[in-house]
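The following pair of complexes shares a single chain, chain A, combined with chain B in the former and chain C in the latter.
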Partner chain A sequence: MRPLLTPGRLVRLVLAAALLMVSVMAACCMVGTETVSLKAVFAHQTPGQPNPDYEIFVKIRLARVILAVIVGAALACSGAVFQGLLRNPLADPYILGISSGAGLGAMVAVMLGIQWTLWGRSPIAVFAFAGAVGTVALVWSIGRVAGKYHVTGLLLAGVVVNAFFSALIMFLTSIANSSQIQTTLFWLMGNMTEETWDVLWFSGGLVCAGAVGLFFLAPKLNAISLSDSDARNLGIHVTAVRVCAFGMAAMITACAVSLSGLIGFVGLIIPHAIRLIWGPDHRLLIPLSALVGGTFLVLADTVSRVVVAPAQLPVGVVTALVGGPIFIVLLIRHNRCLGGRP
Partner chain B sequence: MGPQWDIQTLSFAYKGQGVLIDQLSFSLAAGTFTGVAGPNGVGKTTLIHLLSGTLNPSEGKILLEGQSVHGMSPASLARRLALVRQHTDMSFGFTVEETVLMARTAHLDWRGFESTVDRDRVHEALCLTETDHLAHRSINSLSGGECQRVFIARALAQDTDVLILDEPTNHLDLKHQIAVYDLLKSIQVDQGKTIITITHDINMAMQYCDQVLLLSPGYDQKSVIGPPQDVLTCDRIEAVFGVRVMRLTHNEHTFIAPIGQCR
Partner chain C sequence: MRWLILMLLVVTWWAAGPAVFSPTQGPGPSESHAPQRIITLAPNLTEIVCGLGLTDQVVAVTQFSEFPEAVRSKPKVGSFWQLNLEAIVGKQPDLVLALGFQQQRDLARRLRRMHVPVETFNIEDFNDLLGAIGAIGKITGRPAQATGMVESLQRDLAEVQATVRLAPRPRVLWSIQREPLRVAGRKTFVNWIIENAGGLNAIGPTLHQYPPVGAEQVLACQPEVIVEQLMVQQDPHEQLKQARAYWQRYNHLPAVQTQRIVVLNDDLVARMGPRIVMGVRVTAEHLHPDLFGVAP
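After this line comes the complex of A and B, so read on.
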């Protein structure tokens, strides 16, 4: 039996998840090929004299851990929202073509060999972001034209656009040279790099704002996850809520994708796992998905940079390899529980 | 005071199809129990979707307490009328209590959490429909009859003056059919709610409804509304449904028994 969601329970669970996330972040900052002494990190800084411990801890590890939190939170949070909006537990943040759109953008940037940067962002990131947002807009308008069964129309449009753009990516790959292919492939597999603090502040703020906005739509998303017409009879302006929720979820996904490439699995299994344990109420699902998603990706990224050190695995490989089995165990345990009930 | 519902020359056609509802006019007083009957495909479900504002009429007006249903926002409409559909698919495992709590969505404040009033309403609704023992079960694990009662509970928890139901006794056994109609009748009598329900069972309509709206497909036969005794005559049932029937009376109750199809 699970108790009803009250503000108190929500706050307790969210605080616990936040605490877990912060401790995991701290622990992961300590892990790596170089041993870092905390004492040296916080020691008095003498100007002009480099402090290697501080450089590694703050500029490299902390920046990367925060990046992983931002990306993981964005993907898991938008995954939860997409699953609810599309009433499909198999949906993930990439289902409406964001992945292939962003991939195509990244590929084009690599192929054109663009050198300029925008607000310190590489052309790959800028093109990927534009590709992702553009694709969602395209899928959305196709879905609208496609017919009255809006959800099915959207899903089909997503599938078709995904296939089409994937074909374009394959075409570009076939005419690209090997160094271009190498760059794109690494990006497509999902890859974390150290970002500047400006980038972290900006994207962190954007993802936070998106998650908070989505949280306030949560009661309405609950009703929409039953059916559109039902939600309307319960007094919800379905189209308005849908547009807002899609817009915010797509925005934070595009942000995550432009930071780290295509990291699979986080957006699918984290919301699922939360639902299995704490139920499908979006008021709890959205904040917990964000926090647990962030924690999970920090762990996965730490594994990816430690396990074959000094080389690094693409983090997307780790999320799938680690996340898959964990998820299967959860699913089996959950089904056993269900089987025990009359 | 005028009638609660005033339907004026209502017409409706789905895109690219012929006219389904043609120039229908009727009015309903507050606190009455109305059955909507008629053969398959005559537009019963369409009619209640028009009444609940889900569909827009091609012509004519639907006035609820003098206000057009289609000018109202979804939220203000949801505070006036609740709808129970035939099926609602559940993709996610909400519990019965969580499902019924969703009825209060239109009443929530900006924080999006239920107040104690909301919780009390939900508890009352669960008790009235005798589903309180199911409160913590997943909605997907319920039988058809239990599920139907839960969605009636949700409509009650919405705390509206009007309750509209689409064949609430569909898939239910005899006992649960009677239980649902008894429940609806007691809601009408005790709480003064207006009840509009689609029914295929003309005997149920005869016993429980104050009035019956018999929708008719043909042009020669007009749709009629009135007390069930007057509306459900042998001739009219023959003309509308194409079935010959007998009317039997026992202890001042009238029953309709089908004999066979019309030749």
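After this line comes the complex of A and C, so read on.
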């Protein structure tokens, strides 16, 4: 029997997870292919005189670690929400076609060979964001026509749109030239790049706002994750809550996807792992998923940076390779705790 | 109401954030002196820089930059596609040469923000290559060598063109992959190699650059010569043996009947670098062995 969720317990767990995240971030900033001396990083800067230690530590590693936190938090948080809303353990942030929509957007940007940048973002990021948001809107309207907000209608619409857009991606891949194919493939595998502070600030703010908003919806999500009628009996406006939660989760996922491409597994595994350890209460699940998801992606990205140095692995490869086995161990242990046979 | 004001304050702070802490852009490094620490991010750029006599100034290259021999021992800053920004900055380059496709363009953008001088080049065809050589020569303070290199490439190419000009043009099927079979179409620089080597691409205009083709199209185009590029780390003799065995299934093709199946070194024909003209010449020797006095 798990202890009841009290405000004290919530604050303690969230603070512990935040502390863990900050220490992992600090540790991962120290790891990399180049040797960086902290003394040189914080030494007095002479204008016009480049300080490679500072550039590497602050502009490359720290920026990348923060990016990993933002993306990991967004994916894990929206994964938790989608699983609850759709009452489907296989749901992940990409289930409603965001992945293929963003992929198609990225592919189109690559094929058109667009050169401009928007607020410092590459055209791939801008098109991927637009593709992701557009696809969710499309899936949502198909689902509404098909099943009046019925969960199955929405899921099926997501599957069909995903398949259709994937086919379009394959068609474009077949007529693309090799450098376009490579660019898209690496994007699809998920990649962390070093972004400017402006980009980190705005996307971090967006993801933060989304996560906080979802946290405030958590009690209502708890009721909806049982059934719509139970939630209605408790006086919850199910449709309104669902629209808000979907909107926010889709927005932060689209933001994450436009930053880093498609990183699988974080949004699926982290919420499940949190549920296995601390239970399914969304008030705890949402903040912990965000913090642990961010921590996990920072670790995975650090591995991807150093394991085949000087080259780098796509971080999506690492999340799946590392996350899969850890999750299986958790599942077996949970089963044992419940008295099931190993 | 209190919540609304709080939210408004947070949003304002968020929107105004970058203006508060965005770093001031310092002046970029001056370009008056010739660069002494060069990093090249693609094998063809490495070949150009080394061809200009700047091998000693190259401080790092990418994986697969293996020509000339001297760059094999240089530090690597990642692969062509997966570059390690940290390693690049750590080498403190005063010039980074990159290609113009999306990933390297993004990387160049990030390097410029850190005041690292970067030049990007789109090298899609022979004229781009000549242009890039000239530009790199200018940036690195070796314009005379660059002009020399451009002239010698043009001269060598003209020589091959003159040799094959009046000869009948054999139909060439240029396979880049066997299973599934894909060949070079008309809108590729392989096509440029074939035409300058005195051949004719057996595949007509296609939607794809490197179209996948079926048995029917292979039989219909009746190639007289079949060319394959050497796969990475494959023994040329072994690949030739495999290629002959593979193409035997189309034993009605003129190329198979006359055993004109060729395996070419992909360094020479798959890379838009200064050795491309040598690739044209080698291809021409295979298409017209009699004109070049080599054994078929």
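Everything below uses one rule, namely that the second predicted complex is superposed on the first by the 337 of 342 C-alpha atoms of A that agree within 3 Å, B and C clash if a C-alpha of one lies under 4 Å from a C-alpha of the other, contacts with A are read in each partner's own complex, and residues count from 1 in each chain.
The rule we apply is simple: a residue touches a chain if its C-beta (ideal position, glycine included) is under 8 Å from a C-beta of that chain, and two chains touch if they have at least 3 such contacts.
What you are looking at is a predicted structure, and each value in this text was computed from that prediction instead of being measured.
*Asks:* Contact-wise, after the overlay, does A:Arg12 reach chain B, chain C, both or neither (first, second, both, neither)?
*Replies:* Touch status of A:Arg12: no partner.
*Asks:* Tell me which partner A:Ala218 touches in the superposition: chain B (first), chain C (second), both or neither.
*Replies:* first
*Asks:* Now for A:Ser122: first (chain B), second (chain C), both, or neither, which partner does it touch?
*Replies:* In the superposition, A:Ser122 touches chain C alone.
*Asks:* Once the structures are superposed on A, label A:Ile56 by its partner contacts, choosing first (chain B), second (chain C), both or neither.
*Replies:* In the superposition, A:Ile56 contacts chain C only.
*Asks:* Using the touch definition from the top, say if A:Arg333 reaches chain B (first), chain C (second), both or neither.
*Replies:* After superposing on A, A:Arg333 lies clear of both chain B and chain C.
*Asks:* Check whether A:Arg144 is in contact with chain B, with chain C, with both or with neither, and answer first, second, both or neither.
*Replies:* Once the two structures are laid over each other on A, A:Arg144 reaches no partner at all.
*Asks:* Which of the residues in chain B end up touching chain A in this complex?
*Replies:* Within the complex, chain B contacts chain A at residues 52-54, 73-79, 82-83, 85, 88-95, 97-99, 101-103, 105-106, 108, 110-113, 119, 136-138, 141, 158.
*Asks:* Which residues of chain A touch chain C in the complex?
*Replies:* The touching residues are 32-34, 47-48, 50, 52, 55-56, 59-61, 110, 115, 117, 122, 124, 174-180, 182-183, 186, 193-194, 196-198, 201-202, 205, 305, 309-314.
*Asks:* Give the list of chain C residues in touch with chain A in this complex.
*Replies:* Within the complex, chain C contacts chain A at residues 14, 17-18, 21-23, 26-27, 29, 63, 75-79, 81-87, 89-90, 92, 101-103, 105-106, 109-110, 113-115, 207-210, 212.
*Asks:* So in the complex, which bits of chain A are touching chain B?
*Replies:* Contacts found on chain A: 1-2, 4-7, 84, 87-89, 216, 218-220, 222-223, 225-227, 229-230, 232-238, 275, 279-281, 283, 338, 341.
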